[in-house]
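Structures given as C-alpha cells follow.
One chain, chain A, appears in both complexes that follow, with chain B as partner in the first and chain C in the second.
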Partner chain A sequence: MSISVLDALRPAKKPALLGLVVVVGLFVGAWVHGKYFSDRSPIQPIEFSHRIHATDNEIPCQHCHIYADRTPVAGVPSVSKCMGCHNSVPSVRESPEILKLATYWENREPIPWIKVYDVPDYVHFTHKRHIKAGLACQECHGPVETMDRITRVASMRMPWCVDCHTERNVEHGRDCWTCHK
Partner chain B sequence: MAAIAGPAINKMSKISRRDLLQFIGAGGVGVAGGILYGEGVQRNVEFLIPQVVPPEDYSPGVATWYNTVCNQCSAGCGISVRIREGKAKKIEGNPVHPVSQGRLCARGQAGLNVLYNPDRIRTPLQNAAQRGSGNYAEISWDEALTTLGSRIGRLKIEGKAGRVRLLTGRTRGHLDELFAQFMGLLGSEHYQQYDFTYPAAIRAANRISFGVDQLPYYDIKHADFLLSFGADYLGTWLSPVHHSLAYGHLRQGRQGRRGKTVQIEPRMSLSGAAADEWIAARPGTEGLLALGIAHALVNAGNYLGSDRDEWSIALEAYSPSTVSAETDVSEESIVRLATEFSAPGTSLAIAGGATAAGTNAVASVVAVNALNYLAGNLGQRGGVIFNSDPAFSATAGSRQAGLRGMLDLVEAMEAGDVEVLLVHDTNPVYALPENVRFRRAMENVPLIVALSSFHDETTAMADFILPTNTYLESWGDDVPDPGVGFPVASISQPVVAKLYDTLAVGDIILLLARRIGGELPIRLHWATMEEFIKERWREEYELRSAAGEDQDFEAFWRASLEAGVWGQPGAATGDESVPSSSSMIASITDPVSKFAGSESDYPFVLHPYLTATFTDGRGANLPWLQELPDPMTSVVYGSWAELNPVTADELGIREGDILEVESPAGSIRVPALIFPAIRPGVIAIPIGQGHSAYGRYASDRGVNPIHIVATQVDDQSGDLAWAATRVRIKRTGERLRIIKTDGVTRTLGRQILGPKNDHA
Partner chain C sequence: MSTIVEKLRQYSKPGYYDKFDYHWTMTIDLDRCTGCEACVVACQAENNLPIVGEERFAENREIKWIRIERYWEGEYPDIKMGFIPMLCQQCDDAPCETACPVYATYHNQDGLNTQIYNRCIGTRTCAVYCPYEVRYFNWFTYTWDEPLEQQLNPDVTVREKGVMEKCTFCIQRIRIAKDNAKDDNRRRVRDGEVVPACVQSCPTEALVFGNSNDPEAKVSKMMKSPRGYKVLEELHTTPSIVYLTKVQS
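For the complex of A and B:
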C-alpha cells in the first residue's frame, strides 16, 4: 500500500484526491458558516445587549418579556416600553444605538428584530406552561444575561424537546397531541 | 515502505504549479459550497415585530372570539370569528345562534377570503377613460362624496330626485331601513333589490295559499317523511346549514325512528344523493306530480276534513294515471308516495330549485302547499310552522324587483329616465340573461355609482366606485329569513379594524346625506351606522321592556353584542290557526311549465343549478371555494355540462368533448361530463363561473348558463323562470380535460363491492 502523494498524483488518482479536497472544504465551509454567519446569532437592527440590561442593571427577564407567564409567546417589549425607561437614562441618550431607538420611536415604527428562537407553525409551544412548571428562562435560552448579541444555544427541534420531556418525566410529555394539535 | 516513501516525499516538493492551483481551487470551491449549503439549510429570516404602543387588553398569542353575522348567503347564520393580534384567523358557527347552532358551511368559512382578498378595492375610484375599460383613477373620499353630493343635490333641488335609483342585493335589517329613508327623503321611490336566489315563488305561493307574506319555518328536524320537490335543502335552499342540522336529526337524532326523504328533481343534487329515493320526473311537471299525489291521498280516504268533497272535485283532473303519463312517474309510485305522505307520523313537503323556477313556479309551490294542507302539516311540529312577524324590517321582501322589475328598470334606463344609478351588493350584468341587455341599458345612465368591495361585471360600468367594508368590518343587524319559529335578531359588529381606506355602506349613505344637504342630514342625523343601529335597538328594547325585560338597555346591548344574537325562544309563534282552504282550492291551477324553444328545434332541457359554493356567482372570487370539488361530480375549477350516459351514447359524446349549447337566447361552449344521476334529455350546467371581471380567481374561468336562459317571467311572482329553457347541443370537435378528483365512477371488475358479481 502506498501513501505516496506521487502515486496519488498519478493521472488516474488525481481526480479522486481533488474530490477529497472539495469534500473537506465543504465541511470546513459549513462549520465556518455555522460559527460566524448563521441565524444562530444574527446581527440585529439595534445592537441591543442583554448583558447590560440583565446583568449590569439587574433587570429581571419578565420585566420586559411580560407575556411569558400568561400567553404562548414571551413577547418582545413594545417600543414605548423601551422609551419608557430610556427617557430617564440620560447617560446613554446620545449613544448611537439609543439614537436609533429614538428614531424608531419618533417615526412610530416598530423595530424589526430578527427572530432567533423559532418553532414551526405546526408546533403548539407555549411559554406559559413552561414558566408555570418552574423552568428558568436559561434552561432553554442559555445564559442570555451574559450575551451582548443573542445566540441560539438549543436547536429547538423535536428530539431536543422530547429528551427534556423524557428526562423530567413530564406528564403526557411524549404524547403527540401535547404539541401537535 | 521507507524506501518507497522517501522518494515520494522528495517528489512531493515537485508538485507542479498547475497542480497546486488546481488543489487550491478545489479547496475554495469546497469551502464556498459549504457556506452556501449552510445558507441554504438556514431557516428563512423571521422577524419579531413589537407593537409601538400596545393596546391595553392585548395579549399576543391569545385568541379572542367575536360573534357577528355571516353575509355569504341570505340564511343569516351567526358566526364566531377567532381574532389574534387584531387579525381574523378563523370563522366558525356561533353555538348560541338558533340558525347555525355552532355549525357553518364552506361559504361561511371562506369569509376570510373576502376579508383578505387581494382584489379588494382599497380607495375610492373614478373612471378615467371609456366606461368598461377598467381604467380608474384613485381619488379621495372627500372629492368623491362632494362630487356625488352636489350632483344628487342638484337633481333634488330641480325636483328630479325621482331620476335617482338605488339597486341593492338582498338587504335586511336596519341597513334596509336606512336605504329606504335615504331614498324617501331624497324624493325617489326607486329603491329596489335584485337577488337571483330570492325565493320569490315560495313567498308568492304562501301569500296565495295561506295569506301570509313570509317564509314559514319548515320543520325538517321533526318530520318523519320529507318530500322535496327540487329543493336542495342541504346545499342551497333557504338555510342550508340549519337544514343540514335538521336533516341529521331527522335521520339519526331519535331513538328507533329514522325519517325518510324523497327527492324529486331532474338532476341529482346533494339532497337527492342523501335521499332514500330520487325521482326524476319530467322537468317542469313537478307541481303536477304534487297534485297527482294529492288526488291519490284524497281518493284513498286519507283526508278527513269537512271540505273533502271540494278537494275531490278540484283534484278530479289529476288522477294518478293522467299525471303518470305527463310526469313520467309510474302510477304505483304516485299512489305509494300518497300513502307514505299521509301515514301516521309527521310529513312535510317542500319546493324549491327548478320546481320553483319554471313559468309555473307559483302554481307548483301552491300545489305543494296543498299537499301540506291535506296531510294536516300546517302549524304542526315537523310540518310548516308560520313565523311571527319579524321584529323589524318586515317589508324588505317587497322590494325584490324580480325579472319584471329589472325589465322595467332596463326600459327606464333605455328611455333616459335614470340620471343616477346607485348599485350595491348585486351584479345584474352577470345574474340576468344576456337578452335583458342590462349592460347596454346602463350606457344610457349619465352617472353610475357602485358601492362595492370588489370589481365585478356591474361595477365595471360605474363612473365612481366607493369601496365598502366587508361584513367582517361593518356594523349592522339582521333578522334571519326564514326565521326559526320564534323572534330572533342578530347584531353584526366589526371583528377587525378595517384593512383599507374603505367605509361601511351605511356610513357612506350617512356621509352622502350630509353632502346632499336639505332635510337629509337633519333626519339622518346619526354620525355612524353603529349609532343608528344602537338607537334602533334601544327603541326596540323599550317597546319590549314594557313586556318585562328587566336589565337596563346598556346591559342588554352588551349582552346581545357578546352573544351576537337576541331571541325569545318559546315566545308565541305566528298565527297557529289553519288557514281556510277555499282560497287554496280556488288557486289550484294546471302547473305545467312552458319552455322556451320548441322540442323539435331544441331537444334538450337546460337545467342550470345553484352550487353550494358559488350560489349565483358571488362566491367565485374566493380561492378556497374555487378549489373545492363539486360534491356530486368531484369536478374542480371551470364549468361543465352534465348529460346522461344514454344521451351521450346516442350522440357519440365523450367526457371532455366541448359542446356548443345553444338556446333560443344564445349559446355557450362548455365541456361535456357524463353523469349517470341525471334524467336523459336534460343538460345540467352549474351556475357561478363564467365571470369576465370579478378578480383574478373568478375571471375567464368557465361559462355562465344564466346568460343563455330565455327571458321568461313567471306571471304570478314576476320572477325569472330560469329553469324553463330548451337547448340543442353540437359537438365542436375540440376537447378539454375535465379536472376532477374522482377517477372513474365504475368498479371495472375491481370487486370493490365484495365478491365478484355482474355490476362491473
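For the complex of A and C:
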C-alpha cells in the first residue's frame, strides 16, 4: 500500500494557484510598465526630432547644446535659439509642430521639455570634463542623431559610471568624492 | 616576524598619500583669532548648514562645521580670554573612519577625511569616536523658509534626516580649482587658488589653507613655526590642522 501526499496537498491547491497568478502578473506588469509607462522615452511637448536636425540637416550637437564643452550642464536651447533658425525656414513654417513652437515664442513661454537624462542631486557630473576628455556625446546618450523621440539608453546608475571610469583608468575615478557632493 | 611588523608599520604610516599631489592642510593662528565668528557664518552659508532653531539649539543639536570655543586662562583679576576655532581636523589616523560600518567616511587621496552622505546610515558611531566633537548629526530634515532656499549652494548636497555631516574643507571649491587647473593643463592647482569659506571670510587672516605637499606653499611655511601644535596630539590622530599658539608677553 502506498500513501500519496497529494491528498495532503489538496487544500494548498487554491492558494498555490493564486500565488502563481500573482507572480506571473507581477512579471507581466513589470514588462508592461517598462515597455509603455517608463520614463525612458517620454512624450515631449513638441515632437522634436533629433534625426531631422542632426542627420538630415547635419547640425552638430553643440550648435544648440552650447554649454556642453564649457560648463557642467549641456544646456537645452532657448526658444529664441529655435526661432532664430525657424524664422528663416519657410518650408516648414506651417507644420503643426513648428506652429506649437511659434505659440510658445509668441506667449514668451519656455518649452516645458521633460528631462530624460538626469542624475540625483547628490551627484556632481560635469559635461565639460567628459567632452574635454574626448568622449563623443553618443557614448553616453546613444545614437541620438537617429532618434525621432529621445530614448534613454544608459541606466544612469552608479555601476554604469564606475565601470566606464575603471575601464578608462580615470585618475581618482573611483574616489567617492570625484562624483559625489 | 620582523617583516610583518615592518609591513604593519608601512601601512599604518600616516601621510601615505605622499605619493599623491595634495595634502590639504590648514593653519590657525590663535594670536590673530579675535573670535568674531565670521568663519562660522561663512561656513553656514557655503555649506547649506541648517538653522536648527532655539529649541534644538538648547538640545545641543546645532550644526556648525566650524565653531569658536571660548576659554579662560588664569584667575581673576589676572584673567585672559582665548578663542580656538574648532573644525574637523582631517586626521590622518582618523578614529571616525575605523568606526563606520558602511565605509561612508574614508580618507581620500588628497588627505581629506570625507563623508559620503547618501551612503551614511546614521549609526552615529563616528561622532562618538571623534575626540574633537566636530561631527554633526541631522536629527531632522530641516527646511529653508522662502526665500532662503534660493541661497542654497547648488554644489553642496542638502543633507536630510539620519545623516552625519562634517567639515569637508570646502571640497566643492577644491573641485572647481582642480577643474580650472585641468583646463590650463596644469598638473596641480596653484597655491592660494583654493580658499575655503572660513579662510576667505577671516578678517585677520588667522586661517591659512593650502597644500602641504608643496614646500613653497604658504601653509607649509606657516606649519614650520615654532608656535605650532596640534590639538590632542597625544591621541595620535595626526590631525591636518596646525594651530599656532598665542604669543605670551
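Side notes on the structure shown:
By our rule, the second predicted complex is superposed on the first by the 170 of 181 C-alpha atoms of A that agree within 3 Å, B and C clash if a C-alpha of one lies under 4 Å from a C-alpha of the other, contacts with A are read in each partner's own complex, and residues count from 1 in each chain.
As a convention for this text, contacts are C-beta pairs under 8 Å (C-beta built on N, C-alpha and C of every residue); 3 or more make two chains touch, one makes a residue touch a chain.
Predicted model only: the values in this text are computed from it and were never measured.
Upon superposition of the two complexes on chain A, a steric clash is found between chain B and chain C.
Chain A has more of its residues touched by B than by the other of chain B and chain C. With both structures placed on the common chain, the touch criterion links A:His124 to chain C but leaves chain B unconnected. Within the superposed three-chain model, A:Lys132 lies in touch with chain C and out of touch with chain B [touch as defined at top].
Once the two complexes are overlaid on the shared chain, A:Asp175 sits against chain C while remaining clear of chain B. Using the contact criterion defined above for the overlaid structures, shared-chain residue A:Leu18 touches chain B, although it does not reach chain C. In the superposition on chain A, contact is made by A:His33 with chain B only, not with chain C. Once the two structures sit on top of each other via chain A, chain C runs into chain B at 112-120, and not at any other stretch of 76-84, 112-120, 202-210 or 382-390.
Residues 126 of chain A are contacted both by chain B in one complex and by chain C in the other. On the chain A side of its complex with chain C, the touching residues are 120-122, 124, 126, 128-129, 132, 172, 175-177, 180-181. In the complex of the two chains, the chain A residues touching chain B come out as 2-7, 9, 14, 17-19, 21-34, 37-39, 42, 67, 70-73, 75-80, 105, 108-115, 118, 126.
Residues 4-5, 7-8, 11-12, 15, 19, 22-23, 26-39, 42-43, 45-54, 59-62 of chain B touch chain A in their complex. Listing the residues of chain C that touch chain A in their complex gives 106, 108-109, 112, 114, 116-119, 155-158, 171-172, 175, 179, 182-183.
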